[in-house]
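Listed next: structures, encoded as structure tokens.
One chain, subunit A, appears in both complexes that follow, with subunit B as partner in the first and subunit C in the second.
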Partner chain A sequence: MVLSPRVRRHLGAYLFIGPALFLLVLFNIWPALYTAWLSLQDYGILGSNGFVGLRNYVHVIGDSLFWHSLLVTSVYAAGSAALGLAGALGLAVLVTRKLPFMGWFRVLYFVPSVTSLFVNATIFSWLMDYNLGLFNYWLISLHWQRVPWLQQASWALFSIILVGAWGGVSYNLPIYAAALGSVNRELYEAAALDGANGWQRFWFITLPAIAPITRYTVILAIIGSFQLIASIDALTGGGPEDATLVTIKYIQTQGWEFLHFGYASAITLFLLAFLLVVTWVQLRSGRE
Partner chain B sequence: MGATAVRPRVGAVPVRARSRRRFTPQTIALYAIALLALVILLGPLVWMFGTALKERTEVFTWPPSVFPKHPHWDNFVQAWSGAHFSRYFLNSAIVTLVSVGSNVLLGSMAGYGFARLRFPGRNFLFLVVMVTLMVPNAVLIVPLFLMMKNVPFTDPGGWLNTYQGVILPTAVTGFSVFLMRQFLQGIPRELDQAAAVDGANLFQVFWHVILPLTRPVLAIIAVFTALSRWNDYLWPLVAIRDPDLYTVQIGLKYFVGQHAIEWNLLMAGAVIAAVPMLLVYVLFQPLFEQSLSNLGTGLNE
Partner chain C sequence: MELDLDQLERLVMTGRMSRRQLIRHLLEAGGVAALIGPGAALLAACGQSTPNNAGGPVPSGYPAINNSITGNKITLQVLLAADYYNQKPFVDLFAAFMAAYPNINIQVSNAVWEDIPTKVKTAALGGVPVDVAHQHAFVYGHIGVAEPVDDLWAKWGKVGNFLPNSLQDVTWAGKKYGIPLDVNCLFTYYNKDLFDQVKATYPTATTTYTQLLAELLKFKGQSVKAIGLSNGAWGNSGLARANGGDLLKGDETGVQINNANVVAALKWNSELGWKYGVGTSPAPTKRQDEPGFLFKAKQVGLLFSGPWDMPDIKTSGINFGTTELPKGLDGSTNGSVQGGGSLFVGKGSKNREAAFEFMKWTVAKPHQIRMAKEMARWPVIADLYTDPAQIGANDPALAPYFSQLKYAKPYKLEAFPEGDKAWSDGVGAAYNGTDAQKALDAAQATAAKAGL
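Entry: the complex of A and B
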């Protein structure tokens, strides 16, 4: 068979992109569509027990535990993103000051981002241990009472948010530090000449100038929050009394404990829809 | 009168004024904040190392000390061989190294194709790559689990509990393809076109010209792939039930279940899980700085 040079060039190109594209479609695009198909079935560990139409969706809408998990996830996302990003921005302002050793601080602050979420959360489960943990040791040394960080429903979500914020500060700091470095110097000089003080310059120049980066870090933090399961597993397992049952943990429970894969798929699609709406709102609000 | 004479004239002695400013209360406060942040961010990791070196009884002593007087290295031996962390470590290393290799090779090939070659459907296919970047991993675990379980022509259980089952879903990521394409678009085409004119075929150009040119971005792909695969939790958790195939993260998870009270051994396991990526960070820190700051400035523009 004789191929024209043009066709041969095209074939060569497809050989280069082919393997990656095949894997990406097979393991990213196809599973997303497969989820939609699964969500329409009563699907157990042995396979499909039949097509059930929208029944799974109707059940999800009436499933109070699902809505509870979505609320828990949202509270976690909002709390850890707000604390983590504010902390990261504050420290970024600090380390970008022209002072000796700030470069070293900057390098060290990132270390918690290279250890895994599960390792970090395991360390916090030790720090927050009710009887022997360091946190309660300090509280007792100050003549306060022990705090049931992870044992009591009213504290557990707060504790998980603290751990998430801790990681968020570390991860977002270099992103903010770079963003701060790219803000136009002349704006600050002009403002200083007009008599603006440090706070005013931060509020009216820095924050608007880094708004695009903030929008991006917020979206990234939210998407990360909705996939958070490592620290839940290491710290609370979703308890106590479902106080930290995030949606992804609920999906895992429905799928791998109850073997309701069709139902787990329907929840997954609700989660995805929710995430898309949040991202869209966030992007839109930035444009205005 | 005397006061105005002492006050440094603006612009006259800027160097002295600046060096003196270093020791103002404000600067001291800034360093205090920086140190406090350091303790908060690194303290937990230091505490992990300290606990991992304690003897069992020392873990319970009040008041607690960060490091024990006599480091008890035996904890690491117990975690490594007694708790099978050697096996988990090997599994993680295999998964990580294969993923790094395939992401670097397949990602750079596809990135080269999208950046330099012309073929029908190029824009649409690149859009497909970009869409994969936006699909959260959490959305994929249920369908991926069932796909791996039902791989055609395999035993019941499919490719669950196999290395290929753990590795394949992230053998190449849209991120790797995207990075390579972006990088190549910033390099003048003349460099690789000259070689093509000399009669080299596409693969020779790719191998002898493109790969050496793109070493910095290949390193970034390798480091970030290593980081995400070594630290991966959700997919190995659902894809693996066989303890012989646990990765370190999963090994640590089940270790928690068994040894919840033996904090020193648990922390020794956590150290084993953490050390390789800490080393990667120490060795490749400039790469992290560079790529994260590219992200920071790039998105701002």
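Entry: the complex of A and C
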């Protein structure tokens, strides 16, 4: 076979990107297309019961539990991102200072990120246990009431947010530590000469300087929040009374428990569209 | 040479060691004393092995070789619960079965009980069904991922050997989808010392929910709680059954989650916590074993649980008693929920008959006895209950369990996933302080919305 000069010129490039492209198609593009096809079917455990057009999408729009799950996920995303990123930034400021035991702390802070999400959540299920948990043991030691961390609807989402924020701190701390290290020292020196105090230097120099990194971490935190399921599975299963029913858990319930795979696929694509809009808004606001 | 009796037993039971080889080994390892001592039982067992031409040796008490599966090479995919697959009785069973059928290779996988449904469904969706799976066969028969095996049951002809209730775990709409493996049910444990401490009367086989409430209220203001509560769907269905409440209509085609008897039982149980303050806070979904922990830690006076908790309760040194579940609110009803599990053949399995044959081996008497003695998993073969000593069940504490078992029925709502979740959510809401009637009306409405 004779290859044209143009193909020969680009052959090396195609060979290099080929394996990655193959994996991308196999694990991302093909499943996405298949999900789109499934969303147009009445698809059960034994296969398709027929093409239903946009019926699944119409059903999603009228499904109050889906909108509830989206609200729960949004609250979780906002709460865990705010607490996680603020905590990460605060601790990053600390670890970049010359304080005792910082070497050890730098090793320890990343441990939650390299531990399985499910394992982390299982540890918290013990810590937050109403009857036997360490948190309530401490509260009782202080002569306070036990807290139904995971049992009561009013507490459960807050508890899940705390667990998410804990993981978020660990993941984002090194990112912020690196970002803080890259801020031009001369700006601080100039500000100090002008009489700016520590808080003013942080507010007017550090925060604007690391704004691009913050935008990046916020987008990642929000997208990560919408993929939340391990903590939910280990801690609450979406309950009590759907108080922690995030959208991915709802998709899993519709697909793997109720066996409505077509409907679960339609919800998935709805969620994708929602996330695209959120990301676009974030990027756009960042530009402005 | 060391005398490893376990290893020898395995070799003998799987037919990989002849009588002559066994004698030589025993003599080398322990001399004549070994022959007349520990080796004697092994020699007897060795003699019982049945050689046959088509397959390998079959240990005594196991089904004879089925010649229709001895020809081709078969790989049997077996999915068992995580707390079964690596237990010695099962490890030995795999080896014995493969020795009897040298053409069959068993590949065992495992999952925790709650994760088995996803594994089975994923395999079915992917077109690679599991040959033998462990769960409640009727659920999978209903959703269409288990093979009906009535023809193989008819050929086998042993249906009369099983506890009638155990067969319900494999039956849906009159068809059988598997073979029962073991049974259990909910009954009552109580801590005698804690009951004495508050001067409460012990519950008996005729105690009603109403009478029990009066006794449990005597724990009010104590440092320990009267009862360890659980908001699990399965257990609460049993407590409803004790009050004559059935979550499914008679023909099993529809749900009746808010039926009056079910509501009354849930009201009684859930209000022990948030209204009367004598019950523990129910554990979250993944921690349903917590009431058991609390009972073993002497933190609660009474526990509704199954026989699986008994070995640990005994070793924790509690002065405990057992009895049946309360006889409803007024003493006119008797019931419990049946647990345990069954094995079934995945829909579309190419090894249907070999899979069924393997399942038959799991209910052979020697294996069922070992499950009872070594794993506290109780037999499905009726005969084995005629002499409780042979299954290690001559403990008087187990007597209420066995009498309760006669009135236990499986939690069949599990076959309707939307109904199961609606009930589970309703129970959870009731334990969190919602009025039981209101919680179950909402659950019934949710189930109705799903077409149930």
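Everything that follows uses one rule, which is that the second predicted complex is superposed on the first by the 265 of 288 C-alpha atoms of A that agree within 3 Å, B and C clash if a C-alpha of one lies under 4 Å from a C-alpha of the other, contacts with A are read in each partner's own complex, and residues count from 1 in each chain.
As a working rule, contacts are C-beta pairs under 8 Å (C-beta built on N, C-alpha and C of every residue); 3 or more make two chains touch, one makes a residue touch a chain.
Predicted model, so just to flag it, every value in this text is computed and none were measured.
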- [ ] Examine A:Tyr14 and indicate which partner it touches, taking first as subunit B and second as subunit C; both and neither are also allowed.
- [x] first
Task: Touched partner set for A:Phe66, first subunit B, second subunit C, both or neither - done: neither
TODO: Name the contact category of A:Pro212: first (subunit B only), second (subunit C only), both, or neither.
DONE: first
Task: Touched partner set for A:Phe124, first subunit B, second subunit C, both or neither - done: first
TODO: Classify the contacts of A:Val111 with the two partner chains as first (subunit B alone), second (subunit C alone), both, or neither.
DONE: first
TODO: Figure out whether A:Glu241 sits in contact with subunit B (first) or subunit C (second), or with both, or with neither.
DONE: second
TODO: Return first, second, both or neither, reflecting whether A:Trp256 touches subunit B, subunit C, both chains, or no partner chain.
DONE: both
Task: First (subunit B), second (subunit C), both or neither touched by A:Leu132 - done: both
- [ ] Please write out, lowest number first, the residues of subunit A touched by both subunit B and subunit C across the two complexes.
- [x] 125, 129, 132, 233-234, 256, 261
Open item on the list: Help me check something: in the complex, which residues belonging to subunit C touch subunit A?
Closed with: 117-118, 121, 124-125, 143-145, 280-287, 290, 293-294, 299, 347, 417-418, 421, 425, 428-429, 432, 450
Open item on the list: For the complex, give me every residue of subunit A touching subunit C.
Closed with: 45-46, 125, 129-132, 146, 148, 150-153, 233-237, 239-242, 253, 256-259, 261
Task: Parts of subunit B lying in touch with subunit A, wherever the complex brings them together - done: 22, 27, 30-31, 33-34, 37-38, 40-42, 44-45, 47-48, 51, 59-60, 62-64, 106-107, 109-110, 112-114, 117-120, 122, 125, 128-129, 131-132, 135-147, 150, 168-174, 176-177, 201-202, 206, 227, 230-231, 233-234, 237-238, 249, 252-253, 256, 263, 266-267, 270, 273-274, 277-278, 280-281, 285, 288-289, 292-297, 299-301
Task: Interface residues, subunit A side, partner subunit B - complex - done: 9-10, 12-14, 16-17, 19-21, 23-25, 27-32, 34-35, 38, 43, 47, 91, 94-95, 97, 99, 102, 105, 107-112, 114-120, 122-127, 129, 132, 134, 137, 141, 166, 169-170, 174-179, 181-183, 209-210, 212-213, 216, 223, 226-227, 229-230, 233-234, 248, 251-252, 255-256, 261, 264-265, 268, 271-272, 275
